[in-house]
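Report on one structure; see the data block that follows.
We call the chains A, B and C, going by the order they appear; numbering starts again at 1 in every chain.
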Amino acid sequence: MSAIQKAPNRPLSTYLHKRPNTRLVALLALPMTWLVGVYIISLTLLLVTAFWFIDPFTSKVIPGFTLENFVNIFTVPAYFATSMRTLGIAIAVTVVCILFAIPLGIFMAKIARPWVRNLLAVAITLPLWAGYLVKLLAMRLTFTEEGLFNWLMAPFGISGPGFGIPVTILTLAYLWFPYMALPVFTAIRQLPLNLFDASADLGAKGWPTVFRMVLPLITPAIIAGSVFTFSLSLGDYLAARFVGGSTQMIGSIIASNINLNPPVAAAFSMVPIAFVVMYLMVARRTGSLERM
Amino acid sequence: MLRFSRTSRWSLMAIVAVVLIFMYAPLSVLILNAFNERQISAWPIPEWSFKWWAVAFESEPIRAALLNSAIVALGAMTIAMLLGSLVAFALSKYEFFGKGTVNLLVVLPIALPGVVTGVAFSNTYSNFLTPAGFQIGYFGMIVAHATFCIVMVFNNVFARLKRMNPSLQEASMDLGEGLWGTFRLVTFPQFRTAFAAGALLAFALSFDEVVVTIFTAPPGVDTLPLWILKEMARPNQASVVNVVATVVIVLSLIPVYVSQRLSRTENEK
Amino acid sequence: MRRSKLALPALLAASALVLSGCATSSGELTLTVPDVPMKAELGAFEGELNIVNWSGFVDPKWVDPFTAETGCVVNSRVAGTSDEMVTLMRTGEYDIVSASGDAALRLIVGGDVAPLNMDLIPNFSDEIAEGMKGQIYDVVNGKPYGVPIGRGANLLQYNETVTGGAPESWDVVWEADSPYAGKITAYDAPIYIADAAVYLMSTKPELGITNPYALDETQLAAAVELLKQQNTIIGEYWSDPVAQITSFVGGNTVVGTSWEILKKFAAQENLKTTLPKEGSTGWYDTWLVSTTSPNSNCAYAWIDYTSQASVNGAIAMNFGMAPANIAFCATDADTQAHCDQFAAEDEAFWDQVWPWTTPIEECVDGRTDVKCTSFQDWTNAWVTVKG
């Protein structure tokens, strides 16, 4: 059947093919209606109060315009420290996840036998189902003073860190690792085998191949994964509550202010938003989103 | 096969082992605690017992919570699969003003603490929809979940599409396939794995969500995480939670197996 | 230690309090509260009741008979913190809440809950524990808003294997030279500032604190100072009961704030609780009814139903607290044992406990020459304590 015969049967196809802008609008119409119409409007109604006042007497929100809530984020040392700490934790979690996900992905996709690969693929997704709160509790039991970690390490004379920032980072990495590992593994597996062979034929050993060829090719997947680990860590505060000792994160400030002092909560909600914007901009700037 | 030296091979294996231990040590603490006789999880386990299994299997609220979680996660996943893929196509194929903003919009729901998203939705529901005579009820929970799940599908599909060779699609179009035919025969098979992975992550994220759910679930409706939260707040049978988590892990082998099958066919091509 | 309580001259307690020699609360303390009408009479049941409650307050064991009797189907939402409770109540989706005092006054002052017509709640009787009647968090300007459910004290829990005996004072959790530095736990909420204030009342009388919920700016600053000092020796803050229990059982914590029920759940011989000489704070839970409740007849029926000794006692035993209706104690040996463990009938014990109350700008100790710090100030302060 020739193209000429077929084309007239698809007026819509032909129409859309000739008009990329219409296609774009058609693609975005539904998602944007959802995100803007449902989510952003709700969010704006809540967050616009960031610029508003609160009547100290009735604790009701009064419309107006003040930047005080934002100024406080930078001038109150505790607020600023909490923001920076949260950012640091989110970055650390992302780095830990990347460092583990790449070797794991390479091993699974290119070294392991098929059955080992399938087994590992199941193994990395399985913890997703254990339940967020249950996993937090499991991490508590692992790192508590008389917990599994110290119990296992006691013969070696090692004692683990008490609850604090390091355990918070580990716990968040534990919670979000599958969200990094899965895209990275998927990406590595889809790299054509002949790519590796070509590289090997040219005399490159394993590791240079990894760095020169694999890494740039899987960057989109790493970025995809890091958006999850970074963003999910920014907003989380239950982990800090369970295993953070006395660690405080942005989420706790927002949660405790959200009904009492909505302007403060709204102002603080801008902090993770700002971090994510910066993160996406950096990802864009490195060109990794466009280059592939 | 990638040619690695023996040393690199072993060091890779060592890293994989560390990852597995890191992932499964806490999980095994959890699973073993399902057989803990005490009310509250502990390590080491002082006394063994099956009694929490009996409690769990007789509990009606657990079954109801499990069902609710599955319904909500399935609904949210389906919506996210559709919306996430659409955005991924738009962003990977077209250059347009405001692209970065669209990307941010998609990520925003998971970057904000759940309490912000949750309260924003519940405000809208109770201040605008209910007075307008529209009872969103159960569906409100699915809407909220779908919103933060979109990014899961989007990111995975987007990363895949970015690496896809556009000339294949053009060739297909040139050969007379329409947009739908090209999508079905050329594009979809290429991003199916990423699509499945994204859907799986979306399902898992929704299934596990606590804070947004607290504020958007209608009165009296518990999802599994809400039920767990409830049990942990009044710990006279907190060990049941471990039984439920263990059962869910075992049950989850089903969706994991399905997504495996989906990707395996592609893998063996 | 003789202490006059927070109670306002309200209900039956009015005359007794004036005689108690408490200078601060003898005057008519009037708070600015939105004028919300009270329900005049009961009508037909609506068939539905939506409750925000603490885990364990709503259970099929006593919900099913209630539904059978009234036709009101009960939907419950468990909240984890007082903040969540307030937020959920403000969505307008819920008819009734089992609020603690730190949430109750917020809801009352915000106009979110309505005054109650006690004539419609005949089961609220003389058998309600004396110390739970007419407290400021549920009776404002002489109008009752809340019906007591039960109470619990914030006790000092200690690991006897490490401490050797019961600490006499809270100083082990406050002072920088505490022998248990790094192994201390504290409650993770702004309302914990009141615990610092209670300690300061006896250690720094010159601050002039007479009520831990009525702190002017200097007094709050002193409390925050103390909390910051504590922050350097704290092991972890807790707000989830399971986390607190595993912390004591797992050896991370040796001393810190606890509830009697948490000690019971921990089920370890060497974990004990004590009420130190400075006294302490406590949570007093009450039922409050939403101003906008479309199911107010079911709500009144529920409050009346749960106020009878058997149901109130069942809730108290299920959660692990002292019941409000002490007639329950005499039911049988089990209930008596429960009441004894939780000091349900021991008013001398509760005299040393300050019930959680939302701090507001009007000083609840009756001072009119200064402005007190509000809960919002406390929340901001709490963030800076944790840094």
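Here, a contact is a pair of C-beta atoms (placed from the backbone, for glycine too) under 8 Å apart; a residue touches a chain by one contact, two chains touch by 3 or more.
Keep in mind it's a predicted model, so treat the numbers as computed, not measured.
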So with touch defined the way it is at the top, what topology do the chains form here? Options are line, ring, star, complete, other. complete
Centroid-based (C-alpha) most distant chain relative to subunit B: C
Measuring from the mean C-alpha position of subunit A to the mean C-alpha position of subunit B, what distance in angstrom results? 13
Averaging only over C-alpha atoms, locate the centres of subunit B and subunit C and give their separation in whole Å. 38
Subunit C: which residues touch two or more other chains? 87, 240, 242, 246, 250
Out of subunit B, which residues touch more than one other chain, so two or more? 41-43, 119, 123, 229, 232
Give the residues of subunit A touching no fewer than two other chains, as numbers and ranges. 137, 141, 144, 146-147, 255, 258-259
The residues of subunit B that touch subunit A in their complex are 1-5, 8-9, 12-13, 15-16, 18-20, 22-27, 29-30, 33, 41-44, 79, 82-84, 86-87, 89-90, 94, 96, 100, 102-117, 119-121, 123-124, 143, 146-147, 150-152, 155-156, 158-160, 162-163, 173-180, 193-194, 197, 200-201, 204, 207-211, 224-225, 228-229, 232, 241-242, 244-245, 248-249, 251-253, 256-257, 259-260, 263-264, 267
Of all residues in subunit C, which touch subunit A in the complex? 32, 83, 86-87, 90, 106, 109-110, 182, 188-190, 231, 234-237, 239-240, 242-243, 246-247, 250-252, 361, 374-376, 379-380, 382-387
If we count contacts the way the header does, which residues on subunit A are in touch with subunit B in the complex? 1-7, 10, 12-14, 16-17, 20, 23-24, 27-28, 30-32, 34-36, 38-43, 45-47, 100, 103-104, 106-108, 110-111, 118, 120-135, 137-139, 141-142, 144, 146-149, 151-152, 170, 174, 177-179, 182-183, 186-187, 189-190, 193, 196, 200, 205-207, 209, 217, 220-221, 223-225, 227-228, 230-232, 234-238, 250-251, 254-255, 258-259, 265, 269, 272-273, 275-277, 280-281, 284, 289, 292
Looking at the complex, which residues from subunit B come into contact with subunit C? 38-43, 119, 122-123, 125-127, 130, 214-215, 217-221, 226, 229-236, 238
Subunit C partner, complex, touching residues on subunit A are 54, 56-60, 76-79, 81-82, 137, 140-141, 144-147, 162-163, 241-242, 244-246, 248, 252-253, 255-261, 264
